[in-house]
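Below are two complexes that have chain A in common, paired first with chain B and then with chain C.
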Partner chain A sequence: MAEKRRAHARPRPSLIFGDLWEFDPAPETADPKIKARYDLFIGGRFVRPRSGRYFDSINPANERKLAEIALAGPADVDAAYAAAAGAFRSWSAMPGRERGKYLFRIARLLQDRAREFAVAETMDGGKPIKESRDFDVPMAAAHFFYHAGWADKLAYVAPGRTAAPLGVIGQVIPWNFPLLMLAWKLAPALAMGNCVVLKPAETTSVTALKLAEILQDAGLPPGVVNFVTGAGETGAAVMGHPGAAKVAFTGSTEVGKAIMRQLAGTDRRMTMELGGKAANIVFDDAPIDQAVEGIVNGIFFNQGHVCCAGSRLLVHEPVAERVIARLKNRMRVLRVGDPLDKNTDLGAINSKGQLATIRRLVAAGVREGATMWQPPCRLPDRGFYFPPTLFTGVTQSHRVAREEIFGPVLSILTFRTVDEAIEKANNTPYGLSAGVWTEKGSRILRMTSELKAGVVWANTFNRFDPSSPFGGYKESGFGREGGRQGLLDYARIS
Partner chain B sequence: MLPRNSHAARARLLDEVGAVDQVGVEERVAKFTTRSIKKAAKVWGLLKAVSMTDLTTLEGKDTPGKIESLCRKALRPHEDPRVPPVAAVCVYPAMVSRAKAIVGGSKVKVASVATAFPSGQTHFRNRLAEVRGAVADGADEIDMVINRGAFLSGDYSRVQDEIAAVVEACGASALKVILEVSELETYDNIRMASFLAMGVLRPGDFIKTSTGKTTLNATLGNNQVMIEAIRDFYTDTGVAIGMKPAGGIRTAKQSLQFLIAVKETLGDAWLTNKRYRFGASSLLNDLLRQLEKEKTGAYQAPYYFSDAAESY
Partner chain C sequence: MSARIPVRLPVTKTPKVYIGGAFVRSESARTFKVSAADGTFFGNIPQCTRKDLRNAVEAAAKAGPAWARRSHYNRAQILYRLAEMLEARSAELVGSLVRFGAREADASRGMSVAVDRMIHYAGWADKYEHLLGSVNPVASPHFNFTVTEPMGVVGVIAPDSPPLLGILSMVAPVIASGNTVVALASEKVPYPSILLGEMLATSDLPGGVVNILTGFRRELVPTFATHAHIRAIYAAADGDDRKALRLGAAASVKRVRFVERAADWFAEAAQGLDAIRDFVELKTIWHPIGS
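So, the complex of A and B:
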């Protein structure tokens, strides 16, 4: 039916995504209530670091200083572990329903202050306000609610067996979802009756320290949760401390390996949630526009600072041209800029260092002969920004197809058969997540059993729920977070 | 009568146009509702929506007096000189000559529903005659309904042939093809029907969601499926088809969300009443109310706006 018209069609009609209707700035204006200086949170109180030293946390959107954060040394980490050990006896002996009350309180207080926390998260980390408002903060609260519900049902978490707390847990979290990762780590540990020493990421400590205020308001017994802030050395002290019964780490594979080497030969348990280079696989029968939306959501969500980001697009050859054309159109309407603007889709890159990493790997992609494409977009003069980027003509041996970029950069590869798709998807040291787009249910089932990834999304991507376990295969780590499985990782089962 | 190859025809058409995932579409359009449109951008959008409105009355109790009132309002919706006339008035065929007498010679077009609107359940010769009658009376635009029974039975050639015949009967008048999305039920069907219609339409013709006479009418979801079909048809053939969501768009806020969908899916070239329309009756007064609010900072009572159905 369309054939008649194709004959006298103009060459390749294109759409105009211009500025005919330019949106006015729509900044979120809630007060983030960020203090000028934050101390360590040990034993239920804010205490000065022994060293007396502080470091700056800046807003990556404009490079302005946001707050001073205490730098914890080994003595401070010792004090935090001592406080946690001191609190463990009564906290672990407390009836589950009582512990649950605290978790419910934390969840509700977080909901009460959701806007304030969303703005603080955006200013500290650079993510768009619509994501911190609609995803990070509500999901963090949801994790506390979910695990609060488990606290008085632990007798049923491992039917026929007994689940007991482990003791003090050392936790180190990354900068990409500061508050959410904190909730992922804290809520199951506390529900099970453990105490915690946690180190937030160096560039994003603010919302953890704001949550410490909520812990105080909730009346959480002193020492149950302790926050020590600092950089890599502080993290190593937390992970290597002999007082830890278990350590849980989310971050890069490189650091994860260092921690595992450090702890090899000890009886300390570990959960590692590390890097990823997920394949998002689009078959020719997939609903294309929804797949394109899933691709965008997979790689540009949180500027691509997502360990399970769909950073490799594997697209079935017959539809590759069509998928890429529609993906480019979609990318042309992504709004990059001020993270506090409610219409911003891609905010600021978290740090100068991360921006340099992204630039370095993108340059390597260009040098190795892949074709780079970026939509025209104006970036702010100050702050750390990188436009949404895609690479076509990528092969399995290009660096942009192998190394985790952790930025808004998509590498596109093609495949012809299902076996080839599986082979390419699994040809990576990582195995955190994958996506499959097809109308064929049986193909989804086959892919989920053959893809070596902890999470496989079917006709969607980057979808999370507190009840759904999350974790990796291979060098993406081990152990699960969320759901009953995540809870069991914080328990001694006998 | 079910054609023997209806299953093959459906499979072929679906394969050609591609499937739609319901969950994914609804996630996509939910993002349009989180856009925050302020100040000058809001005023621009509201004025644009006024200019895209097909001001409609389609009731058995319509009178010449009501048509006149509607037409006067269409020509000059508000005393504010910034407010443009609407795109068209949309009436039943019996009212076309009356409406034409008032808006004729202005920018405001007369649109007439035809083809046994809203069900289309009469002999095809009568449906065609209705179109010819409305055109003869001066209708600049014809809003037809597709043969849903034929579509759902897989008789696509009949659906398309009927549309093609109506195109011919329209002559110089533009045609808007109503898919009646609530009776097609699935997004797959909506996409397939969009392509069937576009295949025989002329540049400048429209596809339209609904009659407004069923329970579910224009939603962001079915609007999205149809504008994506228009986009794909345009990039494949170079033929630009217009879009008209109709029914259920009552608030200014809704209309801005539809326009955001257009901006981000079809781009700037569709942000014009030559290619995008709202079929609505009560929307216009809410647009005017919001424009006054932007100017004065206060909402005015309904009775400040002509033809307002609400009271207080």
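So, the complex of A and C:
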């Protein structure tokens, strides 16, 4: 009886974190070597835009101006395509062995300057330094290194067939992994013998232009790679240019569809890597602590600015309460703040516009009746920040369960049976990725074969590798990046 | 017309389209008249509508999961069985091709190529996975592999000519990997495709895996383009049709493969892994290696 009374009198024990003492700041101090102004990179040289216009790139962590970036207009895009077309003949005819050596060099030069690039990436985009340092930059170098080795082995890519380069490739990349997406796109295109005109995202152009310095240092022939910077209009000019043999786009499904419509009258080849609303499914026999780490990594990695983020948690009813309790405990110790601090887990939201999008969708979640929870945390006074957020009591029709939020917001749904989990996971027009947590091997294989997604992580999440093909089903796009399959998408097979 | 009255009036066949394993008329009851090469009346062919196309997609979607779950070996044998049916009834098929204007030699050659092509793809059904999938040497301690999966319902728009070899060469690689098909037959010479439907019905192919419509391209292309449950399009098309199909494809991020309307389907190069590759999705799976 006494035991029972005490249980009533005292609240359930929970861990107390964070607010007992302050962490000392631990900023990364390496010099990012960012210039005050960046021109376009066309024909191996930095050139002023024809219009003479520049726009500001700011640091989203403190809203301070970082650099001025050239605004490319149609004439600049023309010049970039002309430079690429001019370089194509000798670049594609060069022995693969030699082409590969350029890519190996680029990988090495990037590794040499890895810390500098990581700091620049963090200042330009807002991601935590531990991610840009340990993931973005090394993985970008790995992509160049992996594809370098393919350049003299193209005869093995399509057995019984001949793989040849296509010509000039137009590429537009997003702001969530600026340097890494650039490497994903450039490396396979170049290894195959294509030339490239690439547009970085308007808020994150700096590391692309820093990489242009590396391309110069590597002695890459002029025109093989050209960077044109700007916003949506520049992107449309790159995608729509008649000089492109193929276009590759990573970004939202909405823009992807617009590009598909724009190119409808042509026979242009396309690779589309679009949005997602991945289900991360936790069964009652899952290793719960690991699953909680996987859930956190799945949705809070890079502030949730990840197309394959595990933004819908589907949790088995018998363990739902336990998983959510532990998840909340884990979220209480996530550190939100200065992206350059080595202890920061969630950095800055990439832009004011994206912060507004996240706020709008979160408000819709509250309005539609889901229950929002955020751990107590102090956000910096300046800059764009959003606390890690979860919604419980979410139904499939809620906007937070259907639309890509692209922020640190997790929607939690529950299920009772395997079939229900599959049904709910697949109930989306997207199909980029999915996660499964269970100790039962046969269930893993059943789930991985039934989930309509291009990448399935079992008992892990958000893993990437240059040798591993990545890309979507359904409205998450088509074509693959990485591995032999991704390389083939940059080839003409005959 | 000859005034001579035959001793016995032959019983003619009502041409019907093959949808969901059944032979049906168009829901609209519309038909168009088809004449043989010599100008004599041949029959009334169903002029299928958007609604027929939607019904066919429904049948194909229903048949899809079970067909995709069949083992590769089983699908290979079913395609081989289809080749057996074609070979056994080749005289009838050649006869129909000649009746609609093909030269005897071309018709027989086309027939041989068609049968051999079925066998070619029957053999692929349990081999393409070796070549399209992979085990990937990732740098972290994970087992990482890539497998193929069928896309679902694929819309096939066949060329006018060759009327039989064309549709067959396009349908075979698509179903070999476990997709199901809604195909639009040659508009000019639809009857051989109706015969093909009869052979499909008597092979071991489950109903709904292949559905063949007859009718007019210009009426059906817009629905092929925009139907959201059609996950991919394989079309012998050019110019405006291509544009319409691509515009429609954009609405649901549909995959598209085009061939020339005048492509040489007799060539060895008209078959192979490429057409299979374009109608599978690649799925990459990760699992940690550890205790």
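Note that in this section the second predicted complex is superposed on the first by the 479 of 494 C-alpha atoms of A that agree within 3 Å, B and C clash if a C-alpha of one lies under 4 Å from a C-alpha of the other, contacts with A are read in each partner's own complex, and residues count from 1 in each chain.
Basically, contacts are C-beta pairs under 8 Å (C-beta built on N, C-alpha and C of every residue); 3 or more make two chains touch, one makes a residue touch a chain.
All values reported here derive from a predicted model rather than from experimental measurement.
Asker: Taking the superposition as given, does A:263 touch the first partner, chain B, the second, chain C, both, or neither?
Answerer: second
Asker: Have a look at where A:333 lands relative to chain B and chain C in the superposition and call it first, second, both or neither.
Answerer: Only chain B; A:333 stays clear of chain C.
Asker: Return first, second, both or neither, reflecting whether A:321 touches chain B, chain C, both chains, or no partner chain.
Answerer: After superposition on chain A, A:321 lies in contact with neither partner.
Asker: By the touch definition at the top of the document, which applies to A:130: first (chain B), second (chain C), both, or neither?
Answerer: In the superposition, A:130 contacts chain B only.
Asker: Name the contact category of A:460: first (chain B only), second (chain C only), both, or neither.
Answerer: both
Asker: Looking at chain A, which of its residues have contacts with both chain B and chain C?
Answerer: Comparing the two interfaces on chain A, one with chain B and one with chain C, the shared residues are 459-460.
Asker: In the complex formed with chain B, which residues of chain A make contact?
Answerer: 1-2, 5-6, 9-10, 12-18, 20-26, 130, 134, 285-291, 293-294, 325, 329, 333, 342-343, 439, 459-460
Asker: Please name which positions on chain B make contact with chain A in the complex.
Answerer: Answer in residue numbers: 18-21, 23-25, 27-28, 34-42, 44-45, 48, 160, 195-196, 198-200, 228, 231, 233-239, 259, 263-264, 266-269, 271.
Asker: Please name which positions on chain A make contact with chain C in the complex.
Answerer: 142, 159-161, 253, 256-258, 260-261, 263-265, 267, 272, 274, 429, 444, 448-449, 453-460, 463, 465, 467-471, 473-478, 480, 483-485, 493
Asker: Quick check: in the complex, which residue numbers of chain C touch chain A?
Answerer: It is residues 131-132, 134, 136-140, 142, 144, 146, 149, 231, 242-243, 246-247, 249-253, 255, 258, 272-274, 281-288 of chain C that touch chain A.
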